[in-house]
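Take a look at this one; I'll ask things after.
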Amino acid sequence: MTPQPPDVPTEAVTGWWETDVCDIAPDVIRLRGYPIEQLIGRISVPGMIWLLLRGDLPARGQAALLERAMVAAVDHGAQAPSIAAARMAVTCGVGLNSAIATGVGLLGDVHGGAGQQCMEVLAAIRERVDREAISVEEAVEETLADQRAAGRYMPGFGHRFHRRDPRRDPLMAAVEESTRHGVVDGAFLAIGLEIERRLSSGRSRPVPMNIDGATAIIYSELGFPPELGRGLFVLSRSIGILAHAWEEKKQGRRIKGPIPPPLLPAYRGVPARDVPAGQ
Amino acid sequence: MTPQPPDVPTEAVTGWWETDVCDIAPDVIRLRGYPIEQLIGRISVPGMIWLLLRGDLPARGQAALLERAMVAAVDHGAQAPSIAAARMAVTCGVGLNSAIATGVGLLGDVHGGAGQQCMEVLAAIRERVDREAISVEEAVEETLADQRAAGRYMPGFGHRFHRRDPRRDPLMAAVEESTRHGVVDGAFLAIGLEIERRLSSGRSRPVPMNIDGATAIIYSELGFPPELGRGLFVLSRSIGILAHAWEEKKQGRRIKGPIPPPLLPAYRGVPARDVPAGQ
Amino acid sequence: MTPQPPDVPTEAVTGWWETDVCDIAPDVIRLRGYPIEQLIGRISVPGMIWLLLRGDLPARGQAALLERAMVAAVDHGAQAPSIAAARMAVTCGVGLNSAIATGVGLLGDVHGGAGQQCMEVLAAIRERVDREAISVEEAVEETLADQRAAGRYMPGFGHRFHRRDPRRDPLMAAVEESTRHGVVDGAFLAIGLEIERRLSSGRSRPVPMNIDGATAIIYSELGFPPELGRGLFVLSRSIGILAHAWEEKKQGRRIKGPIPPPLLPAYRGVPARDVPAGQ
Amino acid sequence: MTPQPPDVPTEAVTGWWETDVCDIAPDVIRLRGYPIEQLIGRISVPGMIWLLLRGDLPARGQAALLERAMVAAVDHGAQAPSIAAARMAVTCGVGLNSAIATGVGLLGDVHGGAGQQCMEVLAAIRERVDREAISVEEAVEETLADQRAAGRYMPGFGHRFHRRDPRRDPLMAAVEESTRHGVVDGAFLAIGLEIERRLSSGRSRPVPMNIDGATAIIYSELGFPPELGRGLFVLSRSIGILAHAWEEKKQGRRIKGPIPPPLLPAYRGVPARDVPAGQ
């Protein structure tokens, strides 16, 4: 049998799970120090997201701007693999929680990471402006040149489907208004607009900001670190995933594959052959 | 090679993925018919949840009541397996989306299903009142007797930890207020309070409504079907899952097991033995 | 702050994670009591599966029969939602482990549960034979009649695609041979063949045993409980999921939806409309 | 409504899901061209893994070496987060498939990636020997120096718990024997042993090869690309995950957190405070 230490202080065990988020005791639940019974009715869902992630209550304008970004990104249709996979999951006989987990699991570096990556570039440009004491225009120009040289595209800009993403204008208008009211300082907005201007200049087909770029600007303005860009996107897109999973459930299909029968995936491998005798 | 049908109408393929939720075209995104650019700034996150799940916009009082229920259920500490597993996931080197998927995946029938099950009982009691033309008191009494006879406990009531869940009172007060303003009709509230009264009568330790019961009453009053009780809980608890996963990420531990080293799970199986020679 | 008990015995913490499966100590790993260094090279993968699940080493014939069932179920093509979702996951920028988790997660009650459900019916029939002291023929007849009356179909029999599943014959031949050699007693084989005979009698299109039925017979003969029927299927199908995920990875597509662009899911919801002014 | 192309060739739809792995037609299932009915009984589970991943049948010695590596890595106890999370999942009321998905999902870059990373380093060293026409000793020395300079540790070597991992010796003995029989060429074995020798030289506590390093050598010798190192580890560890999940299921606990009640995670955040009036 495994030798175990004869005794450990309780604190060593409970401290393995230390947290600043939630404190519970019998009849008491406090989130970041605030009693839950005071939060219910006084705080919105985005306000609660802010509180749990940031440690304190948002100003009203901050929560409102966060809400717009989250509303904007809830859904982009069932051809998105996250949505399609969640719909397929439902038809396989799992609970809605597993269907949502399936969809959320697909929001990886490629499908869910562009916002996070855009936030990293925005932060790097802002830092470059400060560090090199250059203008936003210069910092954007140099950064885009660096990216082209490295063979990387600019995350958060360009869309295979939309020429001008309909979510761009209302979101940028909201950031402008928030800047005017002093809710945010507008530095990331300026960087984002300059990126957009420069990417599109001299091109017949412009490379507009997409939803990842627009929300990256908002989350950056609000002071979220890049990794939480993906986290916030997950919370937002979970809403669309649930709606699609629920619709699929009501449609009632069983074991739904990607294409309708009698269609089958195209087989292009080696032709039929026998297992050799010696095997 | 697999024989394939020579030709299928496009509609048979696109119709395999039919949806009422989202309509997209170049430069157009409409959710339940509404253009996304009109929704941004005019609709709250709970309002968007309602729209996507129910097909139309909520009245203001409906969205506000939904918001309270969702705010209430975001977190109950890291000893919940959904939260703990998400925190462990982060230390294993996966993205925040995978960590959230891990936590959400654990909100199964037992950990995430009590609200859904409570909604089913509430609906059955309401139907019994109508069908048998009896009072709420009688319907509750009979239903609880049936459950006792079947060896089942009443989901949504009782708590191993809290004597009186601090989320109960503000949520029930909100339903009462919503009933007074005609936002909901109060029928499920009456049923829930009668269940609570009867479960606690004559007991030294009452069996109070817990968060699953309180949110079940709200979601039932708002007209959600029971299965969406779990869906809404998932959206709400995802917020706590993200907050804990992010906190764990910042703490920086790698490959975090449930108990701190040098502690090991207790082995109670067969003692050491040799693989027999013949194997 | 939460009050904590001042001290707990180490055993209460380590005993929370008690296990009979694995015992480790520095430089020691024992599985079910056997040292890992003795198992490597003497035990096959199916043998290890048996050891960990059952607690001791299989007889050689048992491991060989288990191996055939597991080999048979590895893949049935990319139109299966478990495979398709795993392939889509890979294109979203997650690791192969997340892609496999996605596919495995879809092996729920409907997509992965038929074997388990078939094992439950087989066990119920065997029990009926003993309890009611009737013949297998009678017990099968009564059970199928009960199922028809309840509106249920017989899990593990019938296939939308194959008239005779090519995996049926080699698997049933293996059970017959194992019965002749005394590895298994053949009782579940007899029940399964009688179900197949009766379901097909008098029909122009027979209702043959499918892979779920064939493996259910084998796992039942080997003494596995029904729930492990699903567990073993998951291990087996994981192999196909990995192979498809890896192939997709090499193909290099990004954010692969279920149908190729420019196809879009068919929108059939309410037509375009404006958000009302009052919102 | 979305405009759709009026017609697409069937091939464009089925070709979106092209595959070399599996070909099915009514009554026909072929894996990599071989009919499934010929594979059942003639091929082992590791042989099937090889066939699906590599495209053709392994030589007998290749399958046997693969089997040893897979047997070795099935389990290392319930303190591993992948195992613990799967056990917790079972207590939350999800199917065994979801429990396995939970565990597998945690085998990310940190918990499941060391083997893959070790294979990448082994491949780089082998390439360096060829490219720079230097000895294995020199290539290892330079590579380890590069890693130290970059602040990276050598994946696959060293163990926090075992001084000498009991899986190392039988696995290395198997590679040596396979080399003598010409099954593999032994180049990666030589590199791995040289890494081990050099890491440990002059140290009081050696830095021995661990299970990730030992299996990385085997998978590299067998010609698998590094990413499949993780894939094979997932298949292997799934066996332990299932065994633990099943044991937990039989123990019957509900909603199992990481530490036993009455212990709670240690709260170290801001003390209790009121929500400010203006909110």
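Per-chain residue numbering starts at 1, and chain names A, B, C and D are given in the order in which the chains are listed.
One rule holds for everything that comes next: a residue touches a chain if its C-beta (ideal position, glycine included) is under 8 Å from a C-beta of that chain, and two chains touch if they have at least 3 such contacts.
Because the structure is predicted, anything quoted here is derived from the model rather than measured.
With rounding to the nearest 5, the Cα superposition of chain B on chain C corresponds to a rotation angle of 180 degrees. Taking the mean of the C-alpha atoms as each chain's centre, chain B and chain C sit 28 Å apart. Chain centres here are Cα means. That of chain B falls 34 Å from that of chain D. Centroids of chain A and chain B (each the mean of its C-alpha atoms) stand 22 Å apart.
Of all residues in chain C, those that touch two or more other chains are 1-2, 4-5, 8, 10-11, 13-24, 35, 39, 43, 77-79, 84, 94-95, 98, 101-102, 105-109, 112-113, 256, 258-259, 263-267, 271.
In terms of inter-chain touching, the protein chains here all touch one another pairwise.
Within the complex, the chain C residues that touch chain B are 10-11, 13-24, 30, 32-35, 38-39, 42-43, 55, 57, 94-95, 98, 105, 258-259, 263-276, 279.
Of all the residues in chain C, the ones that touch chain D in their complex are 1-2, 4-5, 8, 12-13, 15-24, 26-29, 31, 35-37, 39-41, 43-46, 48-49, 52-53, 67-68, 70-72, 74-79, 84, 87, 95-98, 100-102, 104-109, 112-113, 161-167, 169-171, 174, 227-228, 230-231, 234-235, 238-240, 242-247, 249, 251, 256, 259-260, 262-264, 266-267, 271. The residues of chain C lying in touch with chain A in their complex are 1-11, 13-14, 23-25, 77-82, 84-85, 88-89, 91-94, 98, 101-102, 105-113, 160, 254-259, 261, 263-265.
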